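Data first, discussion second: the structure below is written as structure tokens.
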Amino acid sequence: MAFTVYLSGEIHTGWRDELVKGCRERGLDVDFTSAVTDHAASDAAGDSLGKETNPFWRDHKSAKVNAIRTRTLIRQSDLVVIRFGEQYKQWNAAFDAGFCAALEKPYITLHGEDIIHPLKEVDAAAMAWATTTDQVMEILEYVTTG
Amino acid sequence: MAFTVYLSGEIHTGWRDELVKGCRERGLDVDFTSAVTDHAASDAAGDSLGKETNPFWRDHKSAKVNAIRTRTLIRQSDLVVIRFGEQYKQWNAAFDAGFCAALEKPYITLHGEDIIHPLKEVDAAAMAWATTTDQVMEILEYVTTG
Amino acid sequence: MAFTVYLSGEIHTGWRDELVKGCRERGLDVDFTSAVTDHAASDAAGDSLGKETNPFWRDHKSAKVNAIRTRTLIRQSDLVVIRFGEQYKQWNAAFDAGFCAALEKPYITLHGEDIIHPLKEVDAAAMAWATTTDQVMEILEYVTTG
Amino acid sequence: MAFTVYLSGEIHTGWRDELVKGCRERGLDVDFTSAVTDHAASDAAGDSLGKETNPFWRDHKSAKVNAIRTRTLIRQSDLVVIRFGEQYKQWNAAFDAGFCAALEKPYITLHGEDIIHPLKEVDAAAMAWATTTDQVMEILEYVTTG
Amino acid sequence: MAFTVYLSGEIHTGWRDELVKGCRERGLDVDFTSAVTDHAASDAAGDSLGKETNPFWRDHKSAKVNAIRTRTLIRQSDLVVIRFGEQYKQWNAAFDAGFCAALEKPYITLHGEDIIHPLKEVDAAAMAWATTTDQVMEILEYVTTG
Amino acid sequence: MAFTVYLSGEIHTGWRDELVKGCRERGLDVDFTSAVTDHAASDAAGDSLGKETNPFWRDHKSAKVNAIRTRTLIRQSDLVVIRFGEQYKQWNAAFDAGFCAALEKPYITLHGEDIIHPLKEVDAAAMAWATTTDQVMEILEYVTTG
Amino acid sequence: MAFTVYLSGEIHTGWRDELVKGCRERGLDVDFTSAVTDHAASDAAGDSLGKETNPFWRDHKSAKVNAIRTRTLIRQSDLVVIRFGEQYKQWNAAFDAGFCAALEKPYITLHGEDIIHPLKEVDAAAMAWATTTDQVMEILEYVTTG
Amino acid sequence: MAFTVYLSGEIHTGWRDELVKGCRERGLDVDFTSAVTDHAASDAAGDSLGKETNPFWRDHKSAKVNAIRTRTLIRQSDLVVIRFGEQYKQWNAAFDAGFCAALEKPYITLHGEDIIHPLKEVDAAAMAWATTTDQVMEILEYVTTG
């Protein structure tokens, strides 16, 4: 059984690569998609449309260009995995969770025990909470081959 | 023209009261709704269903009981105002924004200039960004009486 | 805050009356709706359309006439409470749960600990699991007045 | 004409194998999908996410992990066949029926005459009621090649 | 319990009046709505927009003006009753049935035994088939007061 | 540009074959689907599920089995062509038109000038009205290759 | 029968007032809603959120603030009347038409014969085309009292 | 990552060809679709269904035949690019924008600075505004390969 999994959230650690590599080693029929994860490129996504002096509008344009990609990929996915790390606000990850919840798109959260409480609304609408990429792979293996 | 506005986000400052009082003074036909904003009561929302030893499950139960109220009120509202303050993770506020975006429910964000960048995806899907409650009232007055 | 609550499931015990009376005593602004709970009348709901010799078709006609009422009331409700008792198959109650899940209509289950395992899929999609009508009232009081 | 059929319900008898084998023998262009039907594996679906001492939460986690698979497969199917046997509560099968009804996903029930009455609401929303796997195959042959 | 019932189909007999009068006598809380049932006025509904020499376009304009009323009323109703008589093609009645089926709006058919076969697809998607207005009233009384 | 066209209505003349053959000769990339058009087989579609003494229920079962096929094919199509001939009631064709209208599935009607008036509601919701299969082919050629 | 009608398009002539006054004189139970029609106020709708040096962003902010009002009112209306005049681009009026078409919200166009050709796509999805406010009133009277 | 892009608007300049050629040169995995862009053929799209003496009905028929193609292609696309030029009313382009907005289909506008103000509502609902085809290609390259 083939599955397409969208990976949302933290872009400064190697969790995406771990998942992609691990699932390949397990021989799972899973395709992964993602936002553009090059931080500088993502922030500059709208710059080709003309420079902005006001940082709000620069961000605004880039966020919308990125959304052309991310909204489409989220809608096309069978499952979303959303990673919350220790740094940064990561409001876009929580935004993706709310977006999935309203669309009835199943998602799994991936985060440590120390942020259980602030993530309680996000976790309450998730299909599972994992703390390691190995756990996510276990779930993916079960779901697609079980 | 009557409007129902759901107020989401920060619960530790007086912004909700300011809005309610200010709109009353302006004579606007606006009803405000909200999650339960008593922090302790909200965290304990699921306790009546039985105590949990594991904090994850306590949070889980409370978050779902709260969602019975909040999802219904968000769906019934004409507009959502989402406040991001300087403290706390506020992932539930960003979750509400994503939820609204997917439901095509218009929302306004209310936050300072210092957090423009981490909120860029949230702001990109909003109908407006305000920095003060007075600005929100201006918008509400324009929209309902203009 | 007004709430409309649809009561689904077991019709041979007094749990509906307990809830209605208890919420009135607490002064809650909650309206309750329900299928026709007179068992004999419900089984005969389609008889006025002509007698059937085959019991399958008698049931079929009655079930559809009942659905005219129940589907409308479920769609109009803000919350559904689904009671599973110790007797009978109660597949219609589980059917209502699945119906609510697909419509994103929030529901609470009400049942004893002894049937946790066979109800795990039904409970997994619920917003809460209660074991007593008092617990349901606590939730309703919190949600509508909290 | 190709058809994807999701098989829901009873996991302790060989009805799934009968259908798969029979349709292959008839040369039908039908793909079958299903939940994980290994009972022990299904009950343990969430165990890799961490052990639970409370059986309710163990069931809860496993039911949600299973739902990642089943909801996706039900949505992708053209038809659902739901089997009710003589044993067990099978509330998950009735839940699937209600879920299909709300999504307008056509389903067929497969059960004996002795449980017509308790299944009347489930049958009333079905496209057909069959008592044998041969009958289901007849329908599948008619629908896909007729 | 209040119900809004849209009456579709045959306009040359008194079945609408029978239903309205009978339900009033029974004291039912039912509101009835309908297309414009004055045949000549209905055919001329679009004439005020300018005369047409081609009868196709005259019909086209009138049918669309009528649809402004009928689509809105069908969407606002809780139940639709669709009457097929012995005369005329009544394709608009069958069209309304298909429209209701796709919207999941419950409907009851009202017609004699002699046209069971040509109406089989229409009846198959209905919640009930009645042969007399008394039967329809029985159902309405059961559904709204049972 | 590939197109899937569902052919609904009249089964006693050769219009389907004309369309299929004509489009092949024109080299159009159009796939055609249809209900089972063998009248006797269609009427008997539910017989394998057990004989019925009451003709209403025999029709009921067959109509629902046919709907498993037809609803799926209509939903999968890009366009529906609905043929009304001179004989029979053809309420199922008008039902399909209403079903398409509510789903926003574009459809073309194919019928003679003599039945313009009784089909005015059906035509008013159509994207085109054709009187010959050649006209339908012209439209299909324009739409897919223009 | 009560109707809510949203008036879209041209703001420099008195057609809105004519309609409101005319319908009152006819005693019709019609409520009218509209965007803010004070041109200068509408262009400045977002100014309270902070001045912009770039005219694109000033327009952007104002257009979104206006959309908070207009999208809500369009969704709440039963019918939309869209006026195209002789001056200005009026792309927002055509935008509203497309918005209504996708939402299945019925709309009437109101414009002269000289702009039939450029409005053909807009008119093709409309329920009627009127050239005078008197014609619109005729339709409203027919639809609500016919 | 493959993307399907629907090109809407201006048909009298070479912007479509520039985009198709430029994306091919960049090696992007993008498919382009469009309405029929032969102006005379498009205006005559309905002529094969019979000549009309009234230009309104000729336009009406052609616009609907064109919509069979365009609505389907817009729904199948991942992104829509809408070009507004210096000539013509182009209300159909603004109509497409409104249609996309209501369907939550992301779109980009392509137009010069001189028409920013009249397009403010159209731009406010867009994901990006570009002034050159090179900018559109930059966005497509970023979105599909970034």
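To keep things simple, chains are lettered A, B, C, D, E, F, G and H as they appear, and every chain counts its residues starting from 1.
FYI, contacts are C-beta pairs under 8 Å (C-beta built on N, C-alpha and C of every residue); 3 or more make two chains touch, one makes a residue touch a chain.
Not measured: the values here are computed from a predicted model.
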{"item": "Contact-graph distance - origin chain B, target chain G", "value": "1"}
{"item": "Between the pairs B-C and G-H, the one where more C-beta pairs touch", "value": "G-H"}
{"item": "Contact-pair overlap exceeding half with C-D, pair selected from E-F, B-C or B-G", "value": "E-F"}
{"item": "Separation of mean Cα positions, chain G and chain C [Å, integer]", "value": "44"}
{"item": "Computed distance of Cα centres, chain H from chain F, in Å", "value": "31"}
{"item": "Approximate Å spacing (C-alpha centroids) for the pair chain A, chain C", "value": "37"}
{"item": "Touching two or more other chains - residues of chain B", "value": "64, 67, 129"}
{"item": "Contact footprint of chain E on chain F as seen in their complex", "value": "55-56, 59-60, 62-64, 66-67, 84, 88-103, 113, 115-125, 129"}
{"item": "Chain G - residues contacting chain E, complex", "value": "1, 3, 78-79, 106, 108, 127-131, 135, 138-139, 142-144, 146"}
{"item": "Residue ranges of chain D in contact with chain A within the complex", "value": "33, 36, 38, 41-42, 45-46, 48-50, 61, 64-65, 67-69, 71-73"}
